[in-house]
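Multiple structures are listed underneath, in structure tokens.
Shared between the two complexes below is chain A, which has chain B as its partner in the first and chain C in the second.
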Partner chain A sequence: MSLLMESLRLGFRRVVEYRASFLTGVVVLLFEAGAFLMFWKIIFHHFETIGGWDFPTMVLFLGYDYLFFGLILSIFDSAHYLGDVIRGGGLDMYLVRPRNTLLLHTLKGIWLYSNDIAVGLVFILLATKLGLSVSIPAVIGGVVLTFFSAYLFSIMLSTLSMLAFWLGKGISELLWPFIWGFGDYPTFIFGKLVPFLKFVVPVFFVATGQVMIVRGAESFIRAGSLLGALILAWYAIRYIVFSQGLKVYGGYGG
Partner chain B sequence: MVVMVDELLGIREIAYFFVSIRNFLAYKVAYLKWLLIPTLNLIAFIFVWTTLLSGGRRVGSYDIHAMILYYLLAYIIGFIVSGGVEEKVSGQVVGGDISMILIRPVSYAKHLFFSSLGDRFPLMLVYCVVLVATFIHYNLDILNLVWGAVFLTIGLFTSFLWGTIVGYSSFFVENNWGVKHAMYFVSTVASGAWLPLDILPTQIQGVLNLLFFRFIKFVPIKVMQGSYTSAQMISLIGVGLVWIVALYLTSIFIYSVGIKRLAAHGV
Partner chain C sequence: MIDVKGLVKEYRVRKEHSILRKKKVRALKGISFKVKEGEFVGYLGPNGSGKSTTIKILSGIIYPTRGEVKVMGYIPWEDRIEYVSHIGVVLGSKSSLFWDLPAIDSLKFMRAVYRIPKSEFEARLRKYCDVLGLKKLLTRRVRNLSLGERMKFNFVAAVLHDPQIFFLDEPTIAVDAVSKDDLRQFMKELNKEGKTMILTTHDMEDVENLCRRLILLNEGEILFDGNIKDFKRRHANFKLLKVEVESFKHKRNFMKIVKEHEHKIEANMFSIRVKDWSEAQSLLNKLRRHAELIDVDISNPSLHFIVSSVYRNLKKGEEQ
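Coming up: the complex of A and B.
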């Protein structure tokens, strides 16, 4: 716990240290968020609903979407550059310590980049102001699900990064286009791809699942169970990949 | 071959074009990501609009087929005209590598043009073939492809010059990530890559029609779809050329001011 608190403190210091960069990030994010709102506003100007979702529901979706990306960037950002650490021999720094190697790497990468999280929470609030009736426990349940969803994707990203043990370079970058391409839209519009997007590259849990819980179209227990099962499965895969990878790892790099 | 072309045209910066092609082939895996992003975005857009326009619904003048064709052309054109030159400039300026180019007897702007062209030339060739295949598949007027080639050239120069202007911001801002990201968004929205400009609210259309971004994607797409008369296209070529000159002069001005702030080790 003390290690986590220290990592959070350092993560906050890093953000404050680069104030100009932080402020630029805020402006850019507001612009980007405005553009997304405009995109959906224009769509809903032409169409009343999309698959039963109206504009306030889409704002809620954007809220969870931003929250997801905020959590990935703030807490789990180290996952996708683990491959570079392995290739450069930087894993030694963690291996010599009597702690969990991957946990240390995750904690070191905490950045507390709170902009996306703030925008996400503002959008969730905005959705209710736009007339979307929600229950507080369901919204909180969605937030909890988003945290674990970000954790799941961090496990997937770090697993793909670990292929650097054999390939010399991780391939986690190849997962991002799927998250960006499909995660920014409600999963149900993808028709026959839905099973793929729910079980294989589960972008359903970026935001769609959360909105369906809030709307009462999905049960928290069922969605949470599926997410939990996916986390366990990927955790096991990552464990095997990491332990096998360490066998071929030399101090000079992977 | 490099030396032959170099001597033939008297433009030594062409060498950067061939070097960039070799880099492209050497780092194929890294480029796969940049191929996947727009491809998956295209798939997402097709699903979105298929959901919205199913059952014979329309938005503006677009039915489902016209909309899918619009995004398909936007996707193809993106590979032909957009080069990521802003990233190249920022990397060279902040890292100080620009000094290695400045000490050579070459023009920095020409170096940028040919190296960014070379970066994407293999993909450009592939997507030119895809463009022709799209014309055949959709039975589009082949004359519009000829006009389209003219507008693609205008789009290529417009995109390149805008990229250099955004990239030169790194002379003034040490970390220009925010500027690049914001300008990428402006360019994406205003060029019609996100939504066809003619389905936007009238006021927004009015503003965007005054800017040059539409020449990067929207205008070439509409030309290829046969939406303009010959007179309109000639008029648009004139407007496009004026924008290219204006962007060129702006680019030169910003470079000449920015280069004075450059230290040999970077900004």
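Coming up: the complex of A and C.
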């Protein structure tokens, strides 16, 4: 716990260290979020609902979407560049510490860029103010689910990154087109691809699942169990890949 | 404390001109040695001799292909997480510090990593920062520190949890002379406290100043393992004639004489290996005929010269 607290403190200090960059990021993000809102406002001006979703539901979706990417970028971002760390022998300095190597790598990589997370939470709040009838526990359940969803994707990203042990380069980039391309839209619009997007590359949990729980179209227990099972499965895969990878790891130089 | 038996490490590397085919390269060819508690061992060898590979195996970073290693009763790569809390590792080419933050933040992070009680952390931090003169630099951002200062903080980060053994892989690489002296003094102090130190370096001054024992490696095999004095006695049965040239009368003739002996040239300074004083005298007389000399010195060779001479002779032997 003290290591987590220390990592969060340092993650925040690193953001504050580059204040100008942080503030620029906030301004850019406000423009981006504003543009998204405008876009959907215009769309819903012409259509009352799309696939049964109205404007407040879409705002809620954007809220969870921002929250997901905020968590990935600020807490789990290191998973993405683990391949470069392995290739450059950078794992040496983690392996000589008496902690879980991957956890330590994640904690050391925390940069608390809270702006995406803040925008996400503001959008979720805004959706309720726009007249979406929701229960507070369901909204909180969605937030919890988003955290674990970001965790699941970080495990998937780090597992693909670890292929650098054999390939010399991680291939976590393979996952991003799915996350960006499918995760940013309600999953049900992809027709026959839905099972794939729910069970194989589960971008359903980027934001769609959370919105469906809030609207009562999906059970929290069922979605949570599926997410939990996926986390366990990917955790086991990552454990095996990492253990085998360490056997061929050469370290830095020499 | 450290017991290494028949240690082999093979790497699979891609064959030249082939995308898929790989070949085995043997970095360590079955080395064995023991290190007792409190020893300060210089672990030396040219690039690619296997010294960093050994250090990485002993630190639990990489797996060996074959062989047995026990350090304080642990098998480093199998018991890694528990084992590494008893060792300190300094890798000259890698830093454990947060680049963007004041140095103290990295040390506080280490405190959390090693679960060091606050009072112990503060006492050790005070002690080590006093010894290395780092007190005023604690709040300075790592990116604004000099290389020597950063290395000193890396040392502090490696000692805060009070390890019993230190693995030091080129810890003074590219560090300025003053910082080098400070770091050497620091390593000496740690060894006096009873810590076991294994040092790999290309800086023979480090070895002469710090180590009593030398393990010399070449192409994955141990060439020598013993006391530095014994090593010098065995391999330094020659003198070093150093001459500084002001101007040449017949440069070609001068160089011809020099090249008949093992030598090293740095600008207009020539270091030439001779058997004894009388050979040095006669060689000096010959050289004087072909050049004006400013300075002459006949001395025992430095460890650096002896070690490089051993490796040069080995290489010559292989070529022949």
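Observations, loosely collected:
In this section, the second predicted complex is superposed on the first by the 252 of 254 C-alpha atoms of A that agree within 3 Å, B and C clash if a C-alpha of one lies under 4 Å from a C-alpha of the other, contacts with A are read in each partner's own complex, and residues count from 1 in each chain.
The working rule: a contact is a pair of C-beta atoms (placed from the backbone, for glycine too) under 8 Å apart; a residue touches a chain by one contact, two chains touch by 3 or more.
Because the structure is predicted, anything quoted here is derived from the model rather than measured.
Chain B and chain C, once both complexes are superposed via chain A, fit side by side.
Once the two complexes are overlaid on the shared chain, A:173 sits against chain B while remaining clear of chain C.
With both structures placed on the common chain, the touch criterion links A:182 to chain B but leaves chain C unconnected.
After overlaying the two complexes on the shared chain, residue contacts for A:54 are found with neither chain B nor chain C. Using the contact criterion defined above for the overlaid structures, shared-chain residue A:39 touches chain B, although it does not reach chain C. Residue contacts after overlaying the shared chain place A:249 against chain C, while chain B stays out of touching range. Once chain A of one complex is fitted onto chain A of the other, the partner contacts of A:93 are limited to chain C, with no touch recorded for chain B. On the chain A superposition, the C-alpha centres give an angle at chain A of 90° between chain B and chain C, rounded to a multiple of 10. For the overlaid pair of complexes, the smallest distance between C-alpha atoms of chain B and those of chain C rounds to 14 Å. On chain A, the surface touched by chain B in one complex and the surface touched by chain C in the other have residues 18 in common.
Listing the residues of chain B that touch chain A in their complex gives 29-30, 32-33, 36-37, 39-41, 43-44, 47-48, 50-52, 57, 59, 175, 177-179, 181-182, 185, 189, 194-195, 199-201. Here chain A touches chain B in the complex through residues 18, 20-21, 24-25, 27-28, 31-32, 35, 38-39, 42-43, 45-47, 50-51, 169, 171, 173-174, 176-178, 180-182, 184-185, 189-191, 193, going by the rule given at the top.
For chain A in complex with chain C, the residues that touch the partner chain are 2-3, 5-7, 10, 13-14, 17-18, 89-93, 95-100, 104, 108, 246-254.
Residue ranges on chain C touching chain A, taken from their complex, read 11-12, 27, 48, 50-53, 55-56, 59-63, 77, 80-82, 84-85, 87, 89, 91, 93-96, 98, 100-101, 105, 108-109, 111-115, 141, 169.
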